[in-house]
Each structure stands twice: as C-alpha cells, then as structure tokens.
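Below are two complexes that have chain A in common, paired first with chain B and then with chain C.
Right, the complex of A and B next:
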C-alpha cells in the first residue's frame, strides 16, 4: 500500500498534465478564413485533441477558455463533476454557443474594421489565475501548461498586458505553447513561447491540424525532455525605429525613454527630451593628414 | 664598448678543473671567437651570442681563478679562465651587454639583423617596450615574425600602427618608490655582550630616517642640538640610552635619569608635536561621529584591543605616567608613518641633511593646511547639515521636466501594419477586400459553425491519411533541419569543433590578412616611391594567402573537411576575398593610372 502511494506520488509529479487551451473565437477572423479551415472543422480537430489528451492519462485535466472579441470565459473544465464523461463534447459546444451569444451582446458597434484582435491578454490572465489556484490546491497537482490556438492578429493595445502575463507565466514556470492558425506569424506568441520555453508552431497544412496538435502539443512536460520538438529558426530581436517603423540593426536611442530612431533627431518625439550635438569633428582631422596626389 | 669588441688573453677550458688551452678571446657585438695560441689545437671556437643562454662567473678573491662560464642554449658550457679579474670583468660586462642585445632580438626573431639595417635609431627603452609587448602577446609576435622578418613590412611600419599600444604601455609604468619598512624600530635589538655592561645599538641611515619620521620630538631635538650643543654621536648615545630605559620598562629609573640630564628628558616626555598633530586630526573627524554609540561594534571590549598592556603590571604613580608609552600608541604611530610613505627622495647618507629635508617638508604641509584655512567654517556647515532633523525640513523639490509620453498604441499599430506589408501585397489585398464586416453576421456565422459540429459530430476520420503523412514529413524535416543548422547557434561556434591546430591556423590567417589589409589601405594614396614599394610588397604577401587557405582546406581530416569548407568558403568568398580582391583591383587600377602618367613624360619617381 505504501509502495503504491509512493509510485502514485511520483506519477503525479511527472507526467500528469493540466492543459489550458485558449481557443480563439473571434467571429471576424473565423468568418474570413479562406476555407482552409472552417470553425466547425477547427472545432472537430480540437475536440478530438482534447479527448485524446484526457485519454493519455487518467489524471490529465483539460480546461478550455474561449478568447472572444469582447470577453473571455471558461468554456469547459474536465475536473468539474457536473459533466459526465460521455457528454463532454455536447457540454462544451453548448457552453461555447452561450459564450458566443453573450459576447455578441457585449459588442457595441454594428460593424468592425478588419479582423480586429481577440482578447488574448484576458484569456492568458484567466488561465494563469486558474493555474495559480491549482498550485495552491496542495502539493500534488498536475503540471500545467498553456496552449494558445490563435488566429487573430496581435492587438497592439494589449501589448503591456500580454507581456505581463508572459512574464508571470515565466515566473511560475508555466510554458506557453502557441499554435498559430492565422495568416501571419504572431509576434506576441512568438515571444511568449520563447520566453516561457514553450513551443511555437505555425502549421502549414491547416487541414491536418489534429496531427500537428497530437504530434507536437500532446506530450506532457516530462516527456518533452526526451523529444525533439520544432524550434523557431530564430527569433528576430531587431528593433524597429519609432520614426519610420523600419527594422534597423543600429540606431539612436533616447537616453531618457529608450525610444529608437534610425537617424539623429534634435528632440525625442516620444518624451520630448532635447539631445545634445553629436560629436562629428573626429574624422575631419584625419582627412587633413595626407594630401591627395596631384597626378 | 665603444669600438664594439674586446680582445683578451684567456684559457679555454672544457671543465672547471681542466688545464685549459691558452689563447686569445675576441668578443664582438654578436659573437665571440677563441683562437688558441697553438694553431694546431682543435679548441678554436666561433659562437654567436644568440646561442648563449646565460653566463656565470667566479667571485673575486685572492687565490681564486678568474673564470667566466657561458652557458649554451643546448646545455653545453664554455669556460674561460682569465689572467686577472679586471680582464674577466671587462669580458663579463661585454657578454652581459651582448646577451641582452641578442636576447631581445633573439626572442622575437632569430635573424633580424637582415631586416634591421635600415631601421631608425631607437632608444633602448623604446626597444625594450616593443620586446616586452611581443613577449606578452604571442599573436603579435607571430605577426611580427611573419611580416617583419619575412620582409613584408619594416620594423617601423609594423609598429607605426601600434603606437597606441606602445604609448599605453609607457603610461603604465609609473616610477615606483621604495617605501619605509613595515618592521618596527622595536625590532632593532640592542646587542649586549655578556661581559661588560655595554649595550650596543646599531643605527643605520635607514633607521635614523625612520626615527625622524616616527618621532618628531627627536627630530626637533636633533635640529636644535646638533651640532651646536652636542655632536651627533652624543645625541644618538643619549637617545639610545633613553630608548633602553623605556624598553626595559624601568619608569622609575628613567625618571631618575631624566632628572639628572635635561637633554635626556626630552626623549622621555610625550611627544608634543605628535600630540598637536593628533589634536589637529581629531578636529578633522566627522563631528557627528559618536564613538560611544559605536562601542558595541568593537570587537573586543578590552583596552588596547586586547594587547597586553605594557605598563599595566605595576600600578604606578601618576608622576611617572609620562615615562610610559603604550604599545598601541607606538603601533599606530608606526603604521601611520609607513602608510605615508617615504616623503623625501634623497640619499640617506647625511643625517643632518635628512633631518633638514624632513623639516622643510613638514613646513610645506603645514602651510598647505593653513591655506585651506576655513576648516572651522566647513566644520560648522557640516555639523548643521548632519544634525538636521528630516521631519522638520521643507520637502526638497528637485526641479524636473515632466515626461510627455506619446500614446504607445501608435507605435504598435504601425508595427502591425508593417508586418502585414512584409507579408506581401496579396495578403494586403485580401485584407482590404474583407475590410468591413457586420458584427451580427459574423456572430451568426460563428454560431452556425458550432451547431454544424453539434449536428455532424467530429467526423470520421478527422484527418485524411495523406494529409497526416504530409504533416509528419514536414515536421520531421523542419526539426532535423533546425537541429543541424551549423553556426547559427551563437553559443557554439563551428570553430570549436575543428581540431585546435586548424582552428589556430585559421585564426592566425585571419589576423594576418587583417594586418596586411590595414597596412595596404593605410598606404593609399601613394605619394612616395617608398609607399609604392611597400604596397607591392604587401600585394605579394597577400597573394600568397590564397593557396595557404586552400591548403588548410585540403589538409584537414575528411570528417571536418565539410565543416572547414563551410567555414573557409564564405571566409574565402565573401569577406576576405572581397577585401583582398578590392585591394588588388585598386592596386591594378592605380598601376594603370601610374603607367599612363609615366608615359605622359613625367619624370621618373615623381608621382
């Protein structure tokens, strides 16, 4: 009996996962995807993935958070007793529908400009809150990780909130995996995965999404040590200048607010600091040294 | 040696004990030649000094041989016996100089003589500095050897680009002065011979200097009494006497002695000068320092920091108080003097001169301090500042300019637009197309999708097998390609995987090419014929590097060949070859210009 307990102990410490899945439910994004992957197909892939995750280990736990356009909410929690195992999918879909209706009621504008961005910062924060509660539940808790299934473009106005969420995830050693299903790479999620040590993936074959999820994101954190998972070829750490938004290798930095410029300005456009004169008389003296030949 | 050579009669010996072969030893700048008197003897020598590692010689003595032993590089010895010591010493000095010369050139290069002919006159200090630099930096030495000895660059040219190095080195050598010994006067033990009651105290100029520095009263007394009142010898005798009494801790005897002789009394009294100085120093201590409050931090609550108190054994009348000195007092004084260092810089021979010099120095110091006269004022300001009670002060508002921060959104919004732009026009076009969407429509379609799943279920199979295989292949490929991406990881350089020989060779070529290019471009525009010859020399040297790099590539083992070629190829193709090619192109163009200019009836040599 005691032996069994010990084994149980090590088992739960090693490879039991708490998978927080953040599903992008931005209606503008889903209504504009070019049929490579419709929301219904996407859902069927994700649901199959969730089922297989739960089957991988009896003690695995899955929580789904919907990342809406105006709000976020928990859509599914496998640990709550109210859901019978055989009604998982129905329950999840029902909750998701309710969420979409609520999200629509919250929208103020009749029409939107472009796709817009979903509230990734909100759902990340909710996931981290949930994880913190699990951490406090006792010494035996599953290993948490966050998986972002995201398609909408990054919302620049959320930058600070998202970075804060990333750093708190880093602090509590929770990796953020990202699977980007939109048209372009997400700089936020790239950074999130890089900083927290998660996996960033942008699948090429969207109709094979389930295969990507099962191959790359299904394994628990302990087993990841033994696997060769896709790595980003490189993270571009180059900065963009504030004046022309060009990506630059070298530039000028405001000594007060750290704004970046591609050329020398007299005054910082961000904080208004006035810069002194740059020293430019050094090369002129060396020029005078040698006269040019008169051939 | 002005004439650069020495000729002496000497005997060459194969061993110290041996009889030796008489002959003539002739030493020149770079070698020594021994010619035996007997022309048939086989013991003739002709050895270059650069092969000599060091030299030894016998001490001068009445019945000793005057020997000079030159130790050879490979382990052999050349022993010469001279007729007298003066002959030997002349040869010894000459050898020392020759060895120093050949040593400095020999270490850096062994056959420099061919190159240094046109060298400019250098001071030995300059020479030494260069040699030191070469010895310290093996890479520099390699370059030096390759180019200067190889005749590509002259010595002066080579160092011209490293002036900074030389200057910086010169600046780093401050003249160090020898300080005072940290041993205390205490340690000068008087030696007493057992028979008589005489005690001898040896005073050297060094000790006298130390006494003057540590005991201003003695110093003062010396200036006052010597030589007007007593001789120097008397003075020191009296001093020693006083010291002796103090050291024997015989305060009563000291007091009695002092009563008899008033001059002697001076040495017993507490040093007034010292006291004054101490008082002046105390005035400079931070007025807010509270030693009582800090007493708890004291590591030992013992008087004199736990040192055995010198006079504590016998409780004495206060009248003898002045004849006692605590150990800690003298320790502190000694430490102070040692830390101050040697203030005067002169020969310590003449006691009187030393004393006067010290006195002058002290006056200067005092004058300096007086000139900073407003000490008291500063003190008051300091007290008022330190004693200020924070709560009662008005808030000190620092003047600052408020930051005006622009809306950060502006930056990130434009970033987004930038990223989209980068993705290409097609995407931007589609984005424009689906720009405006009705909210309700969008949500309705989303709900439809959900109900679609509800009705249709998950679908079977979820993924088509052919798609799966594509996905798996794609993943495997991307994983394996990132794994074997060479040189992209900044933590591990490809260089580290190469054998160290190859790595060093590559790095060496790299530095030498840089060196050559530096010289090459620095000689443009060519204004003198000297520069012209230099450039052509450099060009030849550079062209030799191509085959060398190729050689490296071929020489490495097959395991590494791929990696080396990966490394050398871009090195060859992009950076170096481009740089070299640019240099060659420039050279050719210049040559053409030059020849056309020459054909235009320019006088030869004029450029």
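Right, the complex of A and C next:
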C-alpha cells in the first residue's frame, strides 16, 4: 500500500506546480488613464486564472506577492490552512486591500515625474526565498515557477538587485515567466525570462487577459515541452556606458570594477583606480599567433 | 593515539583486543559500532580509512593487503557502518543520552564565521576584487593519485571536485579563464590552454584520467610560468595545484622556480590530499597563495570551492587598466555562416564580433580573428555582487527573544516560515541591520550565498534611497 502511494506520488510529482504570482499594485501605473484595463478588471482576470490553476491539479499551490510602490508583501498562500477554498477570493481581496492601504501610508514624497517603478527586485527576492523553503521541504516538492504580472516601467536603480535575483533563479532552475501589461516592453523581464528559460509575453488585447494567462502560463513545466509557446524575442544584450548612457558595440571596461566606458579615461569614476596605458591588443594577438600552430 | 590503536588492532585479531576496543570506544560514545563489533568479533576490521591516512610508511603497504583480505570478510551492511563512521554523527547531551548532532546550527555557525572573516577583509571603503583571473589548475596524476584512501580513488575524487570547481568558477567569474595542466611520469603536460568554456575543460580532463610515475612540482611551475607570463598584466595570474604525492622529483633547483613565479606575480595555492609538505607551504608563503591539506572528501570540496570567489585585488599583483571589449549582437535567425570557433557551418544563432564581423558560437570568448574580448552585459552583471556585497545579518540576542513585552515578527520575512518553536517561544533568528527584518537561518544562508539581495531592503523604497546616497 505504502509502495503504491510512493509510486503514485513520484508519477504525479512532475506536473504539480508551485506558482508564485507577483502582482504589480503600483498606484501610479494603474491610475494612468490611457490604460485599456482597470485594476478591478485586471484582478477579476487574475483571480479566475488562479482558481483555474488550483483546479488543474489537486496538489497545485499558488502564492501571491504584491509588488507595491513602497513595499512588498505576501498576499495569499494556498497552502496555509486558515483559508477555506470557498472564501479564497474574499480573503485575497481583503489582504490586498490592506496591503494597498499600508503601501499608500508608507509613501512620503510625491513623485511628480511620471509613473514610478514598483519594487520588482523585492518581490522577486521574496519569491525566491519562498521557493528555497519549498526545495528544503523534501524530495517530493512541487515544481516552482514565478509569474510576474508587471506594468510599471523598469527602475534603473534596481538593475543589480534584479540581475542578482535572475542569476539565483537560473542556478536553482526556476523559470521566471513574465506577462507585461504596461505600454512598453520591460528590458528587465525580457532578460529574466530569457536567462531563466521562462516565457515572455506582452499581450496585444488586454481585454482578453484571462485567455492569454490560461493558454500560456497555466500549464505545468513538464507539459510545456509539448506546447508551442511564444518564442523568445531577440533580447538586446548590448551594454550602455556609464559615462554617457549610450548603447555601445565596443567599449572600455575597468579591470577592477567592470564599469563600462565608451572612451578611454585616466581614472575610473566608479572605483577610483588609476589606469596605466591603454591596452593595445598586442599581447592577445601574439597569443593567437602562438596558439595557432599548435592547433 | 589512534595510530597506535589501529596498528595493535591490525597485528592481532584476538578477542581480548576487541574488548579493549570496546572499552576505548565506549569512551568515545560509539554505541552503534559496539553492538556490531560484539556480534562480529572475529573479523571486525575497524576504521581502516583513518588508519591509512596516518600511516604512510612503506612498511604499512603489506598490511594494506591484509586489510583487503579482512575487508572481504565484512558484510555489506557492516561495511556501511565502518566506512561512513556513523558514530561520529552522535553527540552526548547533558543527561547522557546520545543524540544526532544538530547539523543545522553547527553549519550555520560555521557559515557565519566564514562570512565574518570575508567581510572583515573587505572593510575598505571601496571593494576591489580581482575579477579578471587567469587560473591554471595543476592536477597531480602521479602514481600517488591512485591511492584509495579517498573512495574510489584520489584521482576520481579530485577529478569530480575539479569538475564542480570549474563550473562554479565560471559561474562566479564569467570573464576569467582556466587552463588545465597535469603532472604524470615526472613531466608536466598542458591539457587545455586558457579558455572560457567549462565543457571543453571537463571533457579534456575526463579523457585523460590515468596515473603513473612520479610527480614534479618544478616542471609544472615552469610550464605554468611560461604560459601565464604572456598574459596581460591587468589579469590576476593564479595557479591552483591539487597535489597527491608526498615528494617532488625535480630536474633543477625548485627554489629558483619559486622566486621566478614570485617575480611574475603568480599566486600559487596548493591543496594536498595526503600530508603537509614543506616545499608546498614555502611556495604558497612566497607567492601569497594559500596551502591546505584535505582530511576527507567533503573537506576537499570545501577547500577547492574556497578558490572560486574572486580574491581581493592587490595593486601590486595586477595593474588596473581599461580593457577594450566588444558587445556582440545575436546574429539573425536562419542565416547560414561559418563559426570561427568550431570552423563549422551553422544555421542561425551565434554572435557577430563588432570589429571584424566574425561569427562566434558562445559568449564570453575572445574573437579568434581579431582577439577582441567579447562579452554580453549579463556577464558583467554576474560579477557585480562581488562589488556590492550585502551586509552580514546580526544575531537577534536571546534577551530580546525572551522579553515577553517585545513584539517580534512571527514569520521569516523571506520565506514566511514560522519563527516560533513548538512551545510558542521565539526561535533563533537573524535580523538585517539596515531594514530590521527578521530572517530564518536557512534564508540567511541562501541570501548571502546565492541571492545577494536582502528581500527586506529591496522591498522598502526609502531605505533604498538612503543606501544610494
């Protein structure tokens, strides 16, 4: 009997999902008038999607983290026993409301310069910590993945933190899916999905958001291999220089701190090291010459 | 003590000797073993793994054979106890009962110590690390590497750890390069040139795994010195030697070679797997490297992995410089072109060198045609966490934990795991000094070793602007 259970468990283990949903609640983004989708409509799409994910497999698990403007917090966890299934929606909306109010109270200065970025790096880090806890729970854990429902523009000051989170997700084989509901493509999420092997999607018709979510993001990782999902678009991995923020093809890199410059400087503005002579390519070409007869 | 004990044991297999063993073991709390050794008193072969590590003299060789004979007498389940030394994972608690060692807190304490030592060395206002490294791994494949004190053999264990190290190294130092050198029959031989592809190194190493002859430190150093001397001066030149032998068979004066390495600013580190050798220690001291000897396989892994994070930049070792690099774009899909690295025609994929338009298959690499270093921006970003490390978390003191008036968070901020013990008492936790959020010990390790972000600081806007200024 026990043996049967074990076999049963291991057979189903590959299509049990843990879905971490990061919902963007940035009020500055949702208040923009040219949005085709209001926040309440958006929520009804997302709730239907969460319910259908939980119905796909009895053991599926959903965790919702709200990405706010001033803070991030867990909003819903389907594994906690305190919530009865029929009260799921009410509970989630209630917690979300509390979160939005708290988030608003935290805001101090009025940001007048357009839509601010939301704290994606914080919610990504929290989601990864939660996933590590699931990994620790034993060999038969559900397959985790992260879905970012994001609309706010990228915040350049979060670049290092988001890249750190992306590499950590890549190391633990957690795909980051992204569904961009804003007006512009998100370069951060494009890189995140490309590096971690997730799906990046920017829906054309936001009225049918549920349709996009259900067809692209609802399937577990194992079944994904058999689906024709949106192909990753070309990701621009060119760097921009620290001095003029130009996108460059070729540039100079400080050997100590890896800052990027578009032309030769005497001193590094980031780490303060003083540079010697400009590096000619003489040593490496001579190495090439030396190498080539050997091979 | 243990040495003499094992020898006595090997010479005579009489019952009273075993009773002596039992008494000796009782003091060491090895009750599992005792039960067995009572049952199988005739052919108990105790603790041969450790015995061998301490007895390296030639006279022990014969006894090794005898051991093999004894070992065959053991049943598989008995050998599992003897080899894994299960009694070492037990400890005595205050009431005299045996309990499994609580590895979690122990492991965490070890990790904290490591973190402290790292952060104390990096106390300078601006952290400078040697992010561009040229590292040669020298693997000793003399006949000493065939010894079987590591299972299945030293050579196999070293190869396994080297493979793991190469992957970890490129993960942490995407702009660095590794080369492999092996020592066999007294001759050092270059297995792979400096390169940035982990797969090619691992493939080359796994194809050459056989050992014979003597070992020669000087030959290896000479070879590596010749190769590393041609590299540009902004890179850190390093050698990591995995040494199995207890001797070196050199054609000349090794002291001269050591001085030569010192002059070329090559940092030599040695990890021994048998016993400490003066010449290795001298080499490491002279060139600024580290010397360590592995006790067992997990220890060896730990020692090897210590070399993966970039070392602190030392101005006299590497001169700061601006390096010209290219950021190639991904070539259009469906276009057929010949790649310059494998010299094969490929459809789509690949990257185009911005200077000479040659096609390369993967990044980071050096263009085969014009010698330009080709990277992409994520490769640079992968190294940034070395430069902007997060502060170590502080232990929350027991006085705060036991204070009933203090309202403490019930859950870990990162993973939401409960921070309460079964008796509803607050358990051990750590707190970030900046955002004051509480974290569990597992999250602490994950955050500092893999994530390199504090979830608390990242999810607070005002603390962020503080840290920026």
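What to note about this one:
Going forward, the second predicted complex is superposed on the first by the 225 of 295 C-alpha atoms of A that agree within 3 Å, B and C clash if a C-alpha of one lies under 4 Å from a C-alpha of the other, contacts with A are read in each partner's own complex, and residues count from 1 in each chain.
The rule is simple: contacts are C-beta pairs under 8 Å (C-beta built on N, C-alpha and C of every residue); 3 or more make two chains touch, one makes a residue touch a chain.
Remember, it's a predicted structure, so these values are computed and weren't measured experimentally.
In the superposition on chain A, A:254 makes contact with chain C only, not with chain B.
In the superposed model, A:269 makes contact with chain B only, not with chain C.
By the document's definition of touching, of the two partners only chain B reaches A:215; chain C does not. Look at A:172: by the touch rule set out above, it reaches chain C but stays clear of chain B.
When the two complexes are overlaid on their common chain A, residue A:164 makes contact with chain C while staying clear of chain B. In the superposed model, A:132 lies in contact with chain C only, and not with chain B.
By the document's definition of touching, neither partner reaches A:87: not chain B, not chain C.
By the touch criterion defined above, A:229 reaches chain B but does not reach chain C. In the superposition on chain A, chain A positions 107, 157, 159-160, 234, 256-257, 271-272, 290-291 are in contact with chain B in one complex as well as with chain C in the other. Those residues of chain B whose C-beta lies close enough to touch chain A in the complex are 401, 403-406, 408-409, 411-420, 423, 427, 430-431, 434-443, 445-447, 449-454, 456-459, 462-464, 467-468, 470-472, 474-475, 478-479, 482-483, 485, 488, 525-527, 593-594, 597, 607. Contact residues of chain A toward chain B in the complex are 25, 27-28, 30-32, 34, 38-41, 43-45, 47-48, 89-90, 93, 96-97, 100-101, 103-104, 107, 109-115, 153-154, 156-157, 159-160, 183-185, 187, 203-205, 207-212, 215-216, 228-231, 233-234, 240, 242, 245, 256-257, 269-272, 290-293, 295. Taken together, the chain C residues at the contact with chain A in this complex read 126, 128-129, 131-132, 171, 175, 193, 230-232, 234-235, 313, 318-330, 354-355, 366, 368, 370-373, 376-378, 380-385, 387-388, 412-417, 442-443, 446-447, 450-455, 458-462, 464, 468.
Taken together, the chain A residues at the contact with chain C in this complex read 69-74, 77, 106-108, 119, 121-123, 125-126, 128-130, 132-133, 136, 157-161, 163-168, 171-172, 191, 195, 234-239, 248-258, 260-261, 264-265, 268, 271-279, 281, 283-288, 290-291, 294.
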